[in-house]
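You will see subunit A twice below: alongside subunit B first, and alongside subunit C after that.
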Partner chain A sequence: MKIGIPKGLLYYKYHVFLETYFKEIGAEIVVSPDTNKEILDLGVKYCVDEACLPIKIFHGHVAKIKDEVDIILIPRVMQLKEKEYICPKFCGLPEMVFNSIPNMPKAITNPIYANNNTKLYKWAIDAGKYITDDINLIFNSFNRALIKQSAHKTGIRNENFEINIALSGHPYNIYENFTNMNIVEKLNKSGVGVITEEYLSDDLKNINVKKLYKKPFWTFLRENYGFTTYEALEKKVDGIIYLSSFACGIDSVVTELIKDEIGDFPFLILKIDEQTGEAGLDTRIEAFVDMLERRQENESDIPSHG
Partner chain B sequence: MNYLGIDVGSVSTDLIIIDDNMKVIEKLYLKTKGKPINAVQQGLKILKNKYDGIEIKAAGTTGSGRNIASTLIGADAVKNEITAHAIAALQFDKNVRTIIEIGGQDSKIITMKNGVVSDFAMNTVCAAGTGSFLDRQAERLCIPIEEFGDYALKATNSIRIAGRCAVFAESDMIHKQQLGYNESEIIKGLCDALVRNYLTNVGKGKEIVQKVFFQGGVAANKGMKAAFENALGFEIVVPEHYNMMGAIGAALIAKSAVKKSGSTKFKGFDLANSLFESKSFECEGCSNKCEVVRIIENEAAIGCFGDRCGKYSNALQVSENLLV
Partner chain C sequence: MKVTFPHMGNIYLAAKALFDGLEVEYVIPPYNSKSALEIGSLHSPEEMCLPFKLMMGNYIQALNQGADTIIIVGSCGPCRFGEYAELQMKLLNKAGFHADFIAIDAPSDIGIKELFRRLNILTKNSSKNKFEKIQVLYDAIKIMNLIDEIEELAHKYTGYERNKGTCKTILNNCKAEAIKCNNPKEMIQLLKSYKAKLNHIAIDINKDPLKIAIIGEIYTVIEPFTNLYIEEKLMDYEVSTKRSLSPSWWVKNTALVPLKINSLDIRKASKRYLPLYIGGHARECIGEAVMALEDGFDGAIQIFPMGCMPEIVSKSILPTISKDHDFPIMSLVVDEMTSEAGFVTRIEAFVDLIERRRENELSRH
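And then the complex of A and B:
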């Protein structure tokens, strides 16, 4: 049986688990290609206008491969961490897709609670049943997929750069090179190294999170807030760039929280939407890098005493 | 010694020639009209007729069309508008701490500390609160944009117009017109709305420290200056060459670039006679299907933009100009 896996949203973080699992239980996997103009156009065409770009792009990936497969995976991700949630659009993603895209194949839409392995295993059984009845195979495949996923390291940490920045935002904005216009490559080319939140431990992330007046219940807010504020306050980097989807509710909260905490530490927010003209993005990045360089030169001019 | 700076913006293309003492020898303010190549060439033609034989020691470009302009003229420096504006402002007055810059489709705030940019912000994807918004409303009111400021100053009373979104602002303005408010009150209301929008959007969370320079095309509007002063509670300065600051900055940056490199790459005013053409096509090389623009001078390709993989632009070896 051919199962389609759209290359959108949290695919970038969990593709090893998903691909291994479905391969091991005997499905043939069809992954949609990297996002391109055709997929963007399909997404914008089918998706409701109010949604953010990553959701639209996910629609585009579904539309691109739906006719080639017997069944398609539309992950209804509910939870990734205990007592935390993610954006509500993920909970309703299958409904959004089914109401917008005509002639859909069968789909796996069971809710995914990835906050503990028992709950995730329940998803594996429900999802696996579309492919096989062999519960032993499901059990073994699930475990192998978990092991492979935990051995797979995501994240970016460039070394040997004079200037370094923390790149923050939802993972699908950071790893989606089509919409972020190859930002990591652009930064590297202008002499700037990048680090992402995967390289900071949860303990260190939680230092500043604990100081908030209440525990945030959005996983990505906690991670991005904890990561950026730690990197800024401990001066681990020279600046922060936050990639934010236009009209994202969570980002509108987290960027304000970050600004409040880090004071005048260099902080640049880049809005991502449908635009493919790179001039606006280039100008902002170039000016930000210029500023970091000049700040650095200036600081080294000032003697540390008096 | 003379230095050339070109700022290719969305609305205007500005050319400037300065000398070693920062004296402005010539300034040209031309409308871009969506055709940056034509605008630059037209500017060069005017300069050629007036200053043929003058030696240009360095040339720099800035603005959203800086890469295309650099390809045309052979620039020594290609810099973003933020750095260019800051460098120009500091050259005129070392005590400037904040720059408010409102152009055609961008608005920016730049704060400076110890003579370098310490923070900046630009408007996000929306063009509400920029010059093009005022332009459009001026058109709707059938008032030349140049007279906008005088109208605003005549008003004794300001009416409130929603300024956060250009679409809301427009319908709000029409409603107020239908209620019978006069033009100057409406224009003052628009200026106030733009300032309110600027301060709560671009300027949000930024400390506006004196001395403040107000630059960019919109600074010509006296109503805007007054509205800013009213909202901030102190005086702001519109520098003499407010609409040329980007171009001046580009010339200054080019000057120091040539100091390092030794000689200029500027191709000379004779460019005015060259035949430039831009041809765009969709590359079929991969699924990205980039829209590639090729700049052709006298039938030879001199520059290429838009290809993500660099297939065409690297071949022309202009890639170092694209991301400096």
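And then the complex of A and C:
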């Protein structure tokens, strides 16, 4: 049985788990290619206009491989952490896809509650049933997939750079080089090192999160707010770049809360949508890096002892 | 202490009665308007959703009129609304407005004790005793329910009235009079009399008016300024409308959520198209579309603010419902830029469309 896995949205975070699991239970896996112009165009064609770019791209990945597979995985991620939520579009993703793309194959759309392993295992059973009846195989494959996923370190931490920035935003914006136009490589080339949220422990992230009046209910808000404000206030980096999706409701809140907390610490928000041009993006990155360089020079001019 | 609160439809009437009854000083913010929106947008992040900006406008206009304490409504489901309070408090502080905040959250989030503690701040200056306070609260809820019922009746009967404009006039007079009442009991009496009036207008039961369901994001369907007074416009066209989302629906639904017996009809109707709650009121939107077609409505209009996450999901589902059942559904996206002219044209075109469908159907029989 051929199962299609679209390379969009949270694929970037959980692909090891998904691929291992389905391979081990005996499915043949078809992963869509890296995002490209064709996939983007397909996404724009099928998806509702009002949706954000990552959702459109996901539609493109589905459309690209749907005819080659027997069944397709549309992860309906409902929750990642206890008492925290994620974007409504993840929860309604299968409906969006099914009502927008014609002639869909069968699909695995069972809700994923990744906040605890028992619930996740239940998903594995439901999803695995399409492929095999062997419950022992499912159980063992599930465990192996979990182990592999936790051994797989995601995230970026460049070393030995003079200037460093914290790169923040949804994983699909950070790791998908087609939409972010190879931002990490670009920064590295201009002598800027990058660190991402995965390299900061939850305890340190929670320091500033605890100061909020309300406990954040988005996992994404807690992680990225906690990460960027810690890096900024502790002066671990020289600046922050936030990759934001145009018209993303979550980003609009997160960036505002970060701004409020870090004061005049260098903070660049790059908004990406299907119209974003590479030249414009480059100019903004260059200007930001220039500014960081100047700041560093100025700082080293100030004698440390009065 | 001078309390204020954000607008949302007719909720200000219940709030007024509540504070009158408690003898707590308050400021009702000026009704939503272009200037409220302008002020609100000025102090809001550009990409925030419309309700956020209008609420900011309400707060600031009320503060300028002497309010010093803001009742801020907190979380209701996994959507941006849950983060409104945090951000609004920060933005107001940053803009130099000094106010105390009383954030009302669902008890499931902060605990019932904390909720009562917060509510107590509100009533501590009240000279009323505990029993009287509860009575006042009860009256306020009654007022909220009554005005919702009155609106519902007016929107429904408007298609059957013998004298064009009767319902609209009664509804508008009712609101204008209600705001002049100085205590809850008086307001309840008045509302009751208007409800009776509506139930006794001259109607023509042989009429078979066009019927449209208003569905979508809760704030923009309830708050008439955001939808350019769509319900009033449809009244002018003698179209009967129905909107299930209202403040009283919200209160009832929220109270029943912990028991999992809220909105059973909506859940059932939405099951085929959206089997889960995804945040906001997307599932209600889908359920109401299905219920409208089952109840013999001629069409549905979905309204939501630009960038509204859950309603974008609904918007991708609605065309399928429309196709499956040959049921016209139109989606209207509203934001600061919505032009009245374009909006009216689309509404008129939609009414035309369903009218013609009716005629075709009749001529086929």
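The definition used in the following text is that the second predicted complex is superposed on the first by the 303 of 306 C-alpha atoms of A that agree within 3 Å, B and C clash if a C-alpha of one lies under 4 Å from a C-alpha of the other, contacts with A are read in each partner's own complex, and residues count from 1 in each chain.
Here, a residue touches a chain if its C-beta (ideal position, glycine included) is under 8 Å from a C-beta of that chain, and two chains touch if they have at least 3 such contacts.
As the structure is a computational prediction, the values presented were derived from the model and not from experiment.
By the touch criterion stated above, A:Glu286 is placed in contact with subunit B alone, subunit C being left untouched. Within the superposed three-chain model, A:Asn182 lies in touch with subunit B and out of touch with subunit C [touch as defined at top]. In the superposed model, A:Asp273 makes contact with subunit B only, not with subunit C.
Once chain A of one complex is fitted onto chain A of the other, the partner contacts of A:Lys89 are limited to subunit C, with no touch recorded for subunit B.
Of the two partner chains placed by the overlay, neither subunit B nor subunit C lies in contact with A:Ser150. After overlaying the two complexes on the shared chain, residue contacts for A:Glu38 are found with subunit B alone; subunit C is out of touch.
Residue overlap on subunit A between its contacts with subunit B in one complex and with subunit C in the other: absent. Of all residues in subunit A, only 47-48, 50-51, 76, 78, 85-89, 91-92, 95-96, 99-100, 111, 212-214, 216-218, 221, 247-253, 255-257, 260 touch subunit C in the complex they form. Of all residues in subunit B, only 64, 67, 79-83, 114-120, 122, 124-125, 205, 286-289, 291, 308, 323-324 touch subunit A in the complex they form. Per the touch definition, subunit A reaches subunit B in the complex via residues 33-34, 36-38, 178, 181-182, 186, 189-190, 246, 259, 264, 266, 269, 271, 273, 275-276, 279-280, 282-284, 286-288, 290-291, 294-295, 297-298, 302. Residues of subunit C that touch subunit A in their complex: 45-49, 74-75, 78-80, 82-83, 85-87, 89-91, 94, 103, 105, 273-274, 276-280, 282, 306-310, 312-313, 315-317, 319-320, 333.
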